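Chain nomenclature is as follows: A, B and C, assigned in order of appearance, with residue numbering initiated at 1 for each chain independently.
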Amino acid sequence: MTAALQLTDLSKTFPVGRSLFGSATGHVRAVNPITLTVPQGETLGIVGESGCGKSTLARMLVGLLWPTTGRIEIDGAALDNADPAEFGKRIQYVFQDPISSLNPRKTIRQIMEAPLKRLHGMKRPEREARIAEIFDSVNLREEFLDRYPHEFSGGQAQRIGIARALAANARILILDEPVSALDVSVQAQVLNLLADLKTEFDLTYLFISHDLAVVEAVSDRIAVLYFGSVVELGPAERIFAQPRHPYTKLLADSAPVVGRPLTAPEAAGSELPDPLNPPKGCAFAARCPRATDRCRAEVPHLEDRGGTRVACFHPLD
Amino acid sequence: MTAFLKLLARNRLALAGGIVLSVVVVLAVLTPLLPLPDPDVTNTSNRYVRPFSGGTILGTDHLGRDLLARLMWGTRLSLAVGFAAAIVAATIGAAIGIIAGFYGGRTDNIIMRGVDMLMAFPYILLALAIVAALGPGLLNALIAVAAVNVPFFARNIRGITVGIAHKEFVDAARLAGLSNTRIILSEILPNVVPVIVIAMSTTIGWMILETAGLSFLGLGSQPPQADLGSMLGEARSALITNPHTSIVPGVMILIIVMSINLLGDGIRDALDPRLKSGALSRPMAATRVARDGPVPQPTGAGLLEVQQLETQFHVKDRIYRAVGGVDLAVKPGECLGIIGESGSGKSVTALSVMGLVASPPGVITGGAAHYDGADLIGAPYRKLRQMRGNKVAYIFQDPLATLHPLYRVGDQLIEAIRAHRPISNEDGRAKAIELLDSVRIPNAESRIRDYPHEMSGGMRQRVGIAMALANDPDIIIADEPTTALDVTVQAQILSLLDDLRRSRGLAIVFITHDFGVVAQLCDRVAVMYAGRIVEEGPTAAILDTPVHPYTAKLMACVPELGAGKRRLAAIPGLPPAVDKLPKGCAFADRCHRVQDDCRAQDIALRRDGGRAVRCIHPETPLTKAIA
Amino acid sequence: MTGYILKRLLSAIPVLLGITVIVFLIMALIPGDPATAILGSYATPENVEKLNRDLGLDKTLVQQYFIWLGNMVQGDFGTSFALNRPVLDEVIERFNGTLILAGTAFVLCAVFGVIAGVLSAANQYGWGDKAITFVVLLGISIPSFFLGMMMILLFAVNLRWFPVSGMWPIYGTRDIWALLAHLTLPAICLAVVATGVVARLSRSAMLEVLRQDFIRTARAKGVHERGVIWRHALRAAMVSIIPVLGIQAGFVLSGAVYIEIVFQWPGVGRMLVDAILKRDILLVQGGVVFVAACYVLFNIAVDVAQSLLDPRIKT
């Protein structure tokens, strides 16, 4: 298998505050340098809580944000051009909010035609054939094409969003919380469609979500993000069943599960570190039951520990 | 477009404004063709003729000129100048605003600094300065009025553009390969145009007043040519002796501007989608109650007993049956879960109990909610208010939106107590600290001085819980209290609620869409679909043997942690719209066990042995399930 | 807080400089030759040239600007040729009159506008709301100068309740009662339009706030409806009403120009219009810069009030 997507030391820093003369008064590291390889055909799940940097990462991957450091390679070729159109042919994005990702004043046909026209310069008959083909594969009727976005339910709108991403003919899709705006009974419809499309078009997915169970159900491997860094990366079936990083364990224990008694796995008052004053060592140290002085002084890096990669000095067995 | 015109025509005031304005505009356009005397011919022997005398309709002015003719020609001029100024200002202002808002950063900074600078002038100073520089004259007055309004449009449109430029569909367009120019023209502009139209229609009247004002000061149209403003200006010296020369042009300005404003408001209302859906109505202090049928009597089944509750939303001529006959009962110390998907009516049920459904458009059309034997639905507002937060308290979903942003959390807690009993400042403070302690907020003494935005989501929700506990209520209704929170925080809040319930003997009605949460927290659970309860019973029993096909299917859809990569079950189709409910079972179209009789008639909720189900072809017969 | 005020005052400096540049440039656009305007068309070329030199008009535009600015910073706004007295003295004296008129009108419009807006929103679609909405509509549609003329006709000429014009009686004592009698009509007239705008905005701001979740929370707590409206909703609505009040202050100042003319009120607006018609450039420049500077300071006060009200604004 070749690497469909290779990230090397990718990071993003945002300036914050503004002095009287318009210069930034501080910086916030949204994403610490991340190095990742995603093989062709894999679904890599990315989980994390709000503020962990997962959306920033996703936006960098499609060229909507320019990384502060590092590089992105797709099929071995580096993308060093901040032009979303250049990215658009190779990597596409499915948005979290299906309705707001569709321009309310355009028909579905106009929305679908944009990537075909702009990215591939297709002529009209060609476009029509292609749209028909895509709509068929996402189980949407062609009569929808002349309607406006507000006429659709969340699930249908998300399928239109997926169809648009497919239209660009990219081999890699970034799925940014694609089902979190949907009800459970509809959520599965979309997830199963994504699985079918993946086989049909030999796609590679990056599936971003805060819902552990959903990520686990769709992913081959999962990366757990905390405070802008990957703290654990491993196969989906193992990562929550046998977590190695204390944070992963906390996540897994917190998820409400039928048949498990209610416990607070963590005391109150534990909060995320202040992004303006990041801690010196491990970002999780303040909340971690296993933290030692070393954790507070030194930043742990991802290391291979029997099949999973963990950024922890004292991983769980 | 036709829908827009229809909406506009439905607004009677706007229609009246539109008709008056059209008449004025048509007359103004036709003025050169009308048999009027020359407006500029003076005849000083015939000055100050009163209206309807001396062969004139409106009389003559101080130079003996026919007032009607001058009025018509003046109206023509004023309208033309006002519209021209509005279009010039809107075009330039919108262009500046879109560019600043779309590109952001330095471009935005420089442009908006300039706009702020222009707005730092009281507008007339700028207009006066421009007229001073260019010299008096109608065209120069037009330029001045347009120029002083450009910053207004620019700022307004920039704000809207910034909002749109950050929408996901703009990102999507970028990824579809659209250039910036194309994005502005095809994605931004169509969404900004309604705002430009609204801003224009609400400011044209203002601009006509402004140009008239400059002419009134003698800085606009120059004699003998007259617009309405200069007519007033010239007539002012004879105000006391011959008021009709002032009143005629003044009333005309009033008519024009008023009809434009009426029409403008109508256009705004028709274009604003929030107004269209009636969402900008003010919710009343308590939900409107309009019960036709008999009020059910309490049976003593619980501390809080909801019977045959029906709540509807009346929007325009549509009726949405959000809650269609719900029965529930909670005993002291019990936790009842209500589970359902969005639109199932679970939140509306909970809010109906204390009359907190936004009304309009909400109306409670039937049923009762008995607390300790007294009906809350029919209770007068005074009674209801005394119960709210005192006997029955609420916890809401998003704690950032549900706490008042401008008051310290301590003050909000004290207010919750003061709503029901007087308490001194020191006692209130002590009680607030005690409440924060009881929800395990560290450093409660310093935290009471925090504003909600200074706290994290989990801490805010703890404040929300503390507020619900302020008056030691018997029942807490929690409406998805953990949905907006991260999973680690959710676990803390749930275990807190569970502890409080056990230590204080609280009854909790817990609304959620998450089976995992229900399983961990609730003694009993009611499953809602399309505004009705389809199944109810002890949590463990329902999780073990779901009887209604919807419950069974819904549980199968929920991915469980620890099962690895797999295909998930889905329910085909969508729930029915609650304004078009089918005759029989609402789930029939999505059900794998559906038979013809399911669609034939209303399906009743059958109770047996502590469980209830609304199904005639259940997964397992109810009798078997309880056995 | 002190730091915030200082920061806002500092950031006003570029705005004030920008204002002087704009005023100077607009005035520099004036065609023709001020000296000719002053001396009349029979002036000899030698006299014109001498006056131009005296006025500094033989220098470059940039030099002229800095000389003008430097003098202003030292309190020298030049001398009005039409009035033959220092511009600053005249402006301050006239601004005093404007301040009394506009200040009263501003207080009226703020108080009544907000109250009308709140009542209107609290009784949405009720009779009170409809009546207020109609009056407001009338207020924003009537030209203030026309309203002033009609008020004079009715209350001063026919009913003789108030004097027709001026700020002080021509004969008699200049006490507070005399001032109030003269002030009533023009202040009300000036306030009407601004009240309409404030009421409209307050109404929609209140309606917006009343739909918010925290209002539902207040109701769920059992807070009395009075408290919900005046304590919870109004406070939150003030966040969007206060900036409007800042803008309305500018409108009141602007509207004062018309009212001063209709009621013969000795204010800075009437002075400016006269100065423009007489092409008294230094007086126009000085007056505009002075009033604009006052307005900028007023808006800083509005920002400070806003930051006191809303803890979310970083100070």
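A few remarks follow.
Just so we're on the same page, a residue touches a chain if its C-beta (ideal position, glycine included) is under 8 Å from a C-beta of that chain, and two chains touch if they have at least 3 such contacts.
The structure presented is a predicted model; accordingly, all values stated were derived computationally and were not measured.
Ranked by how close its C-alpha mean sits to the mean of all protein C-alpha atoms, the top chain is B. Each chain gets a centre from the mean of its Cα atoms; the one farthest from the centre of chain A is C. Chain A and chain C, compared by their mean Cα positions, are separated by 53 Å. Mean C-alpha position of chain A lies 32 Å from that of chain B.
Of all residues in chain C, those touching chain B in their complex are 14-15, 18-19, 22-23, 26-27, 29-31, 121-122, 124-125, 137-138, 140-146, 149-150, 152-153, 157, 204, 206-208, 210-225, 227-228, 232, 235-236, 239, 247, 249-251, 253-255, 257-258, 261-262, 269, 272-273, 276-277, 279, 281, 284, 288, 291-292, 295-296, 299, 309-312. Within the complex, the chain B residues that touch chain A are 109, 167-169, 171-179, 182, 186-187, 190-191, 341-342, 440-442, 456-459, 462, 486-488, 490-492, 494-496, 498, 513-517, 519-521, 543, 553-554, 557-572, 574. Only residues 22, 49-50, 59, 62-64, 84-85, 87-89, 92-93, 95-97, 100-106, 111, 114-115, 118-119, 153, 155, 161, 164, 168, 183-189, 191-192, 195, 210-214, 216-220, 236-237, 240-241, 250-266, 268-269, 271-272 of chain A touch chain B when the two sit together in their complex.
Contact residues of chain B toward chain C in the complex are 113-114, 116-126, 128-136, 205-206, 209, 212-213, 216-219, 229, 232, 236, 239-240, 243, 246-247, 250, 253-254, 257-258, 261-262, 279-283, 285, 354, 356, 358, 381, 385-390, 393-394, 396, 398, 401-407, 415-416, 419-420, 451, 453-454, 464, 467, 470-471.
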